[in-house]
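The following blocks contain the structures, represented as C-alpha cells.
Next, two complexes with subunit A in common: one pairs it with subunit B, the other with subunit C.
This part shows the complex of A and B:
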C-alpha cells in the first residue's frame, strides 16, 4: 500500500490545473483489472475523477515521457515522480533532453511497486488484487482468494531499493526518505564469483530468450536518441533478427555500455521485459565497476554532474589495471 | 473417440515421438513454452504459453536463400529442404484459429513455399481450455475454447485425456497411438465442455463484442479522435506483435558473409519506426499512425479482405504483456462505443 492516498494526488492535480500552474497532468490511467494501468495525459478534473489511478501497480517511470510531452506545447505539464524516477529526471536534465521550465514536478513517496508476474507465478486467473496490513490478497477465477506477504511480491528494483529520497521536485507530497544502503549489488557479486564459463552459461540462458521486441530500450530513460542505431537501416548494424546466438548478447551488452554512467538503475528494463530477462544486472555490473574504479557515483543524483566515464582526472584507473582485473575474473 | 489415463501421458508422448518430432507446452523459468519432448519434459498446467505456436510455421527468423559470389558470377543457392513430420500438442482453441488466419496470408497466391512446407508436415493436437484466463476473450471472435479445431482434438478431465481425430493427418496420428488408447464415449467430454462453457460465461471480458468492427468500417474508424489518447503512451516496442499469434509481417534482409550473401527474413513490427521503409521513407511517420495500423488491420482491414474474418483470436497475450498495458481490448471498448458498454 502506498503512504499517500489517491485522493491527495487527484486534489493536488485539480488545484494545479485550476490555478493555471499546469495545463495537463501526466498520470496513470485505470485499466480492465487492478494491475494494468497505462500512463496517460489528463486535461480536466472530470478526467482525473474518472480515470486517475495511484497504487501498487503504478511502476511506470514518467521521466522519459517528459521528452515528448514537453515538446508538444508551451504549457506546463504536471508530473508525479517516485524517488527512483527523480534520478532519471535529473539525468535527462543533465543531458538537456527537456525544458525544466515546462514541468511541475510533484514528488510522491513510494513504498515499492508490486510485480504482477510474481503473483501470477502462484495464482492464475487474477480478477482483483487488494492489500491490508502488509498482506496482498488476489481474488482468482479458480482458486478463490490467495494471500501473499507484500515483500515477496516486490521486484528486485524495489526489494533492493536504492533510495527513498527525492533528488528533484517542485513540491513534495508527504515526507522525504533517505538514500538506502541496499543489497542491490548482491546478485552482481554472485555473478562475479562464477567462473567465466558459468557466467557465460548464465547469460546465454537468460539472453537466449530475447525476442528483440526492444521494449527494454524503448522504455529506458537513458535511451532517448532521436534515431537508434539499431533502427537505422543505413547504419550497417541494424539487426531485427539475430544472425547467430551471439547477437542477442551483443545488442544487450552494447546497450549496457551505451548507458554506462548514465543509467540510474531505475529498473524499467527488467520490469517491461516480456521474457523476464534480468537486464538490470548488466547495468548494475557497470555501476558497481564505476564505483570501484572511480569512486562512488550515482547518475542523476544531481543535475549537471560529469559521469566518471566521460571525465578525466589524474586519479583515474590506468587501462593496464582494468585489463589485469579483467584477466583475474576470466 | 479414444482415451488414455493421465498417468500414462508419458507413454502417449513416447508413442507419438516414434513417428513425429513432438512439442508440448512445458514450464520454464519464464513461463510455459513449447519445447521438444525428449522424455523428461512435463506437460504444463499453465493457462497458455507465453509465446504463441506460430513459430512452428512462421519462425522469427529463417534463411530464404544464399548467394555465392565469384567474380562477376552470382550463384543462387536454394536452401529449402523438406521438413520432417512434427506434432504440436496442447494448442489452445485461439491459437488453432490463428493458423487459419496465417494460412490466408501465406497460402494464397503466390504461395509461400517455406510456410507451406511446415504446415503440410505439422499435426495440430489441440487441447480444450479447462481454465481460461482473466485476459481471455476468444469468444468475442466466435471461437469456442471448449471445442477447439485441430487435426486431433483433446479434452483433459481430472483423470483422463480424451482424443478425437478430425482430419486425415489426425487419423494417421491416432493410428500410431491405437495400442495405448482405448475407446470412450463422449459423456465425460460433454460434461467437460459444459464446465468450460460455464467458466467462459464468468470471465471478466465475457461481454466484449466485436460487432462494431469488421468489413468496410475503414472510414468510420480511420479518423477517430480516440486514436490520439489510445496511442499516447505507446513505447513503439514490438512486444504485442511478437507475442501475437496472428501478426504476420516480416522483413527480408541480406547478411553479407564476406564471400556471399545470406538472404533471410525475420519478424517485423508495424510499431517500429523503420517498418516498411521505402525510398520516400516510412509511410507512417508518427506512433499514432503505426498504432492505428495494427488495430485497424486486426479489426477492419483483414476482415474487409477476408470475408469478415477478424485477425485477432482473443488469446490475451498482448493484454498480459504490453509494457504500458494498452491493448486491443481497451481499443475495442473505447472505439466500439455503446456496443461495449
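This part shows the complex of A and C:
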C-alpha cells in the first residue's frame, strides 16, 4: 500500500493542468492487467480520471521519458517522481539530456513497488491483487486466492532501497524520507567471494537466458545516446559481440561499462527484464568498486557532479593498486 | 582500395639478427592492399629513402608501411620521404619490429612471427588511413620556469639573455633553493652563497625576468606555444613593492618561537621573517600559522615599526593568469624523511643529523654561526661518524628508501669530512660506505685527498645501529674488509639521506600532463637524445626534478633546457598535430562527458538545429572540438559512450582493424 492516495496525485495534476502550469502529465496508466501498469501521457482531467493509476505496481521511472517528451513541444510536462527516480532525473540533467524549465516535477513518496513475478511463481492466472495490513492477496483463475507477506514481494531494488529522499522536485506530495543504509551490496559481496570459475558460471547461467530484446537498454535512464553502439553497424561492436559462443555477455558487459559512474542504481533494468536476469548486480559491482576506489559517490545525488571515472584527483588510486586488487579477486 | 608498399628494414643486424626480414617481406605480399613488399639493410639511409620514393612512383603507391625501429626514431624521417614522393605524410605507418621484436626476443621464429603480425596490423591501419593536413598555431613568446633554485635561476637567466621574457614561480618566499642552504661546494670548496647570490641578484635586476615568490602554479591549460597558467600568489601580508627589506619587523616581532625552516628547524625565527640576508626578493613574509595578529587579532607590532607602511593584515591569496609559450619544470629535490630509519636514532638524539643539517651547522649564517657544535649540548664533537647511502640504493627496503643512487652524497661527504679535519684537526672522522662513487672532473682526486691528506677513516661497511647512551652515540658497524665488528663512541652522527623529488612535482606533472617515473622524477622525452625535454611538447626539464645531479650538472642541464626553450620561442608559428579529435554531430548527444575528461579544455558545446526526416527541426546540444587546442590524446574518444567522438589518424575503426589483424 502506498502512503499517498491516488486522488491526491490526480487532483494535483488536474490543478496544474487547469492553471496552465503544465500542458500534459506523465503518469502511470493501466495496461492489460491490474499489475501491468505502463507509462502514459494525460492531457485532460477526463483522461486522468479514467486512466491514471497509482499503486503498488507503479514501478516505472519516468525520468528518461522526459528526454523525448520535453522535446515534443514548448509546454511544460508534469512528471511524478519516486525518490529513486529523482536520482535518474538529476543524472539526466547533469548530462544535459532535457530542459529543466520544461518540467514540473512532483515528488511522491514510495513504500516499495511489488514484483509481480514473485506472485506468479505460485499463482497462475492472476485476476486482481489487493492489499490489507501488510498482506497481499491475489485472486487467481487457477489457484484461488493466494496471500503473501508484502515484504516478500518486494524486488531487490525495493527491499534494499537506497534512499527514500527526493533529491529533486518542484513540489513534494506527502513526506520526504532519508538516504538509507541499505544492504544493496550484500549480493555483490557474495559474488566477489566466489572463485573466478564460479562467478563465470553464475553469470553464464544468468546471461545465457538473455534474448537480446533490449528492454534493459531501452528503459535505462543512463542509455540515452542518439545512436546506441549496438544499433550502429559502423561501430563494429555488434560483430565483435556475435563472434563468441557466449555473446550475450558482451552486450551486458559493454553496457555496464557505458553506464559506469552514471548508473544511479534505479533497478529498472532488472524490473523490465522478461528473463529475470539480475542485471542490476552488474551495475552495483561497478558502483561498489567506484565507492571503494575513489570514495563514496552516488550518481544523480546532485546535478553537475563529476563521476570519479571521468575525473582525476591526486587521491585517486594508482592503477597498480587496482590491478593488485583485481588479482586478489581472480 | 589503397596500394600499399611494405619496406622491411634490417637495421644492420639489430633487426635482421633476430627477425627473418626476407620472410617478413614475403609474408606481407599477400595482405589486402599490399602491391609491393621488399627489405633493405638501412631504410633510414639516403638510398633506403630513395628506394621508397622510386617504389611510390613505379607502383603508384598510396600508402607506406615501414617495418623498422620505434616511430619515435624515424617516423618523421619516413613521413618526409613520403611527402617528397608526393604522398600525404600521414599515409605512412611504422611497424616497430626492433624495440618490440628483435630487441625483446632471442628466438628467430618467434621474433619473425611477431614482426609479421605487427606489420599486418600496420597494413590494416593504412588501409583505413586518410590524408591529413596539420593546422598552425601561434607561439606566445614568454616562458615560465617553475622553481627558483639554481636550476630555475640558470634557465631563466639564459632565456632572458636571448631576449625572451621569463617568469619564475617559487613556492618559498625567496629564490635560491637548496644551494642557498649549502656551505661550501665540491670539488673546489668555494662558498655556495658567494657563487649563487650574484646569480640571484642578476635575476632580480634582469628586466626580462619576473619573480613570483611565495607562489605556486595551480592550473595549466592549453598546449605548446599557448599554455594558460594560473598562478596563486599566496598572501604574504607584506606589500612586496613597498617593503624595503630593512628587517626591523623581524627583530621586533614578539613571536620568537617559530622553527626556522631555512636552518632546518635547528633554531627559531620570528613570525614575520626574511629567510636569509641575501634573499631575493628581499621582502618580509608573515607566517600565518604563527602570527598572533592574524590568529587572534591582537598584536600589530610589525605594522607599528614598519616605517614604509608595508604590512597588510587583510591581504588575500591572489590568482593571476598568464599565457606562456614554454614551461620549464625545475622543482628540485628534498632529502627523504629519516622517520623510517630508526636504527640510526635520528628521532631519539639531536646529535644524529642529516648532511643538509650539517651544512647549516658549518655555515657562518647558520644556527651556530659556523662553529661546528653538537646540537644537544653545544660542545665540540670529537668523533664524527658519517653514514653513507641512508635510503639510497635501498632495493631490499623499498618501503623505507629509494632504489636509486642519490649521486651527490659521496662527494659532499668527502667535502664535509675534509672541511672538518681541516678546521678541527683533533676530530676523528669515520665514513661508512658501500662504495665510493666519484666519477666527474676532479672528483676522485678530491676524494683521495680526503683520505690521503686529511686522514679521514673510510671504512667499507654499513652502520647497523646507533644508540644514544650517556651523552655518546654508540655506533655499531661492520668493517667488511677486515671482517670485524666495530664499536665507536661518537659525538655526532651524520646521515647521508637519499634525495627525492619535491612533493609538488607530482601534482605539477598532472597539470602539465608530463610523465614521471616510479620515483616521481620527471621522465625525459628520450633518456639519451632528448634529456631536457618532457614527452609533452613545450614542457622542459631542468635540474634534479629529472634525476639526482650535482650543481655543475644542474647548471649544464639548465642551460640546455633554456636553449630548447629559446629554440621554441624563436618560432612564430608551430605546425599542429592533425591527429585531433572530432565529433560526429549526428551521434553526439551533448552529454558533456568528453568535456570533463579533456585535459586541454578543447571541447565546447553548441545548440544546433537539425532537420528531422519528417521535415521538422530539432535543436540538439552537440560537442565541438577546437582543433588548435586538441592534442590528440584520445581521452574523449574512449569516454564517449556512443562513439560519436573519434580521433583522426587513430580512429576506433583503424585501431579495431589493427587489433583484428593481430588477433586473426
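As a convention for this text, the second predicted complex is superposed on the first by the 325 of 330 C-alpha atoms of A that agree within 3 Å, B and C clash if a C-alpha of one lies under 4 Å from a C-alpha of the other, contacts with A are read in each partner's own complex, and residues count from 1 in each chain.
Assume contacts are C-beta pairs under 8 Å (C-beta built on N, C-alpha and C of every residue); 3 or more make two chains touch, one makes a residue touch a chain.
Quick caveat: nothing in here was measured; it's all calculated off a predicted structure.
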Simultaneous placement of subunit C and subunit B on subunit A, clash or fit: fit
Partner chain in contact with A:127 - subunit B first, subunit C second, else both or neither: first
Touching partner for A:159 - first (subunit B), second (subunit C), both, neither: neither
First, second, both or neither for A:38, with subunit B first and subunit C second: first
Which superposed partner A:137 touches (first subunit B, second subunit C, both, neither): neither
Superposed arrangement, angle subtended at the Cα centre of subunit A by subunit B and subunit C, nearest 10 degrees: 120
Per-residue touch tally on subunit A - higher for subunit B or for subunit C: B
First (subunit B), second (subunit C), both or neither touched by A:232: both
Partner chain(s) touched by A:21 [first = subunit B, second = subunit C, both, neither]: neither
Touched partner set for A:182, first subunit B, second subunit C, both or neither: neither
Overlay on chain A, subunit C to subunit B nearest C-alpha distance, Å: 5
On subunit A, the residue positions that both subunit B and subunit C contact, one per complex: 227, 232
Residue numbers on subunit A that touch subunit B, as the complex places them: 31-33, 36-41, 60, 65, 124-127, 141-142, 209, 211-215, 217-219, 227, 231-233, 238, 240-243, 271-272, 274-277
Residue ranges of subunit B touching subunit A (in the complex, touch as defined): 29-31, 46-47, 50-51, 60-61, 131-134, 199, 202-205, 229, 232-233, 235-239, 241-243, 251, 253, 255, 262, 264, 266-269, 272-274, 277, 319, 321, 323-326, 329-330
Subunit A - residues contacting subunit C, complex: 71, 94-97, 224-229, 232, 234-236, 258, 306, 310-312, 314
Partner subunit A, residues of subunit C touching it in the complex: 506-507, 510, 586-593, 596-597, 605, 618, 620-621, 639, 641-644, 652-653, 656
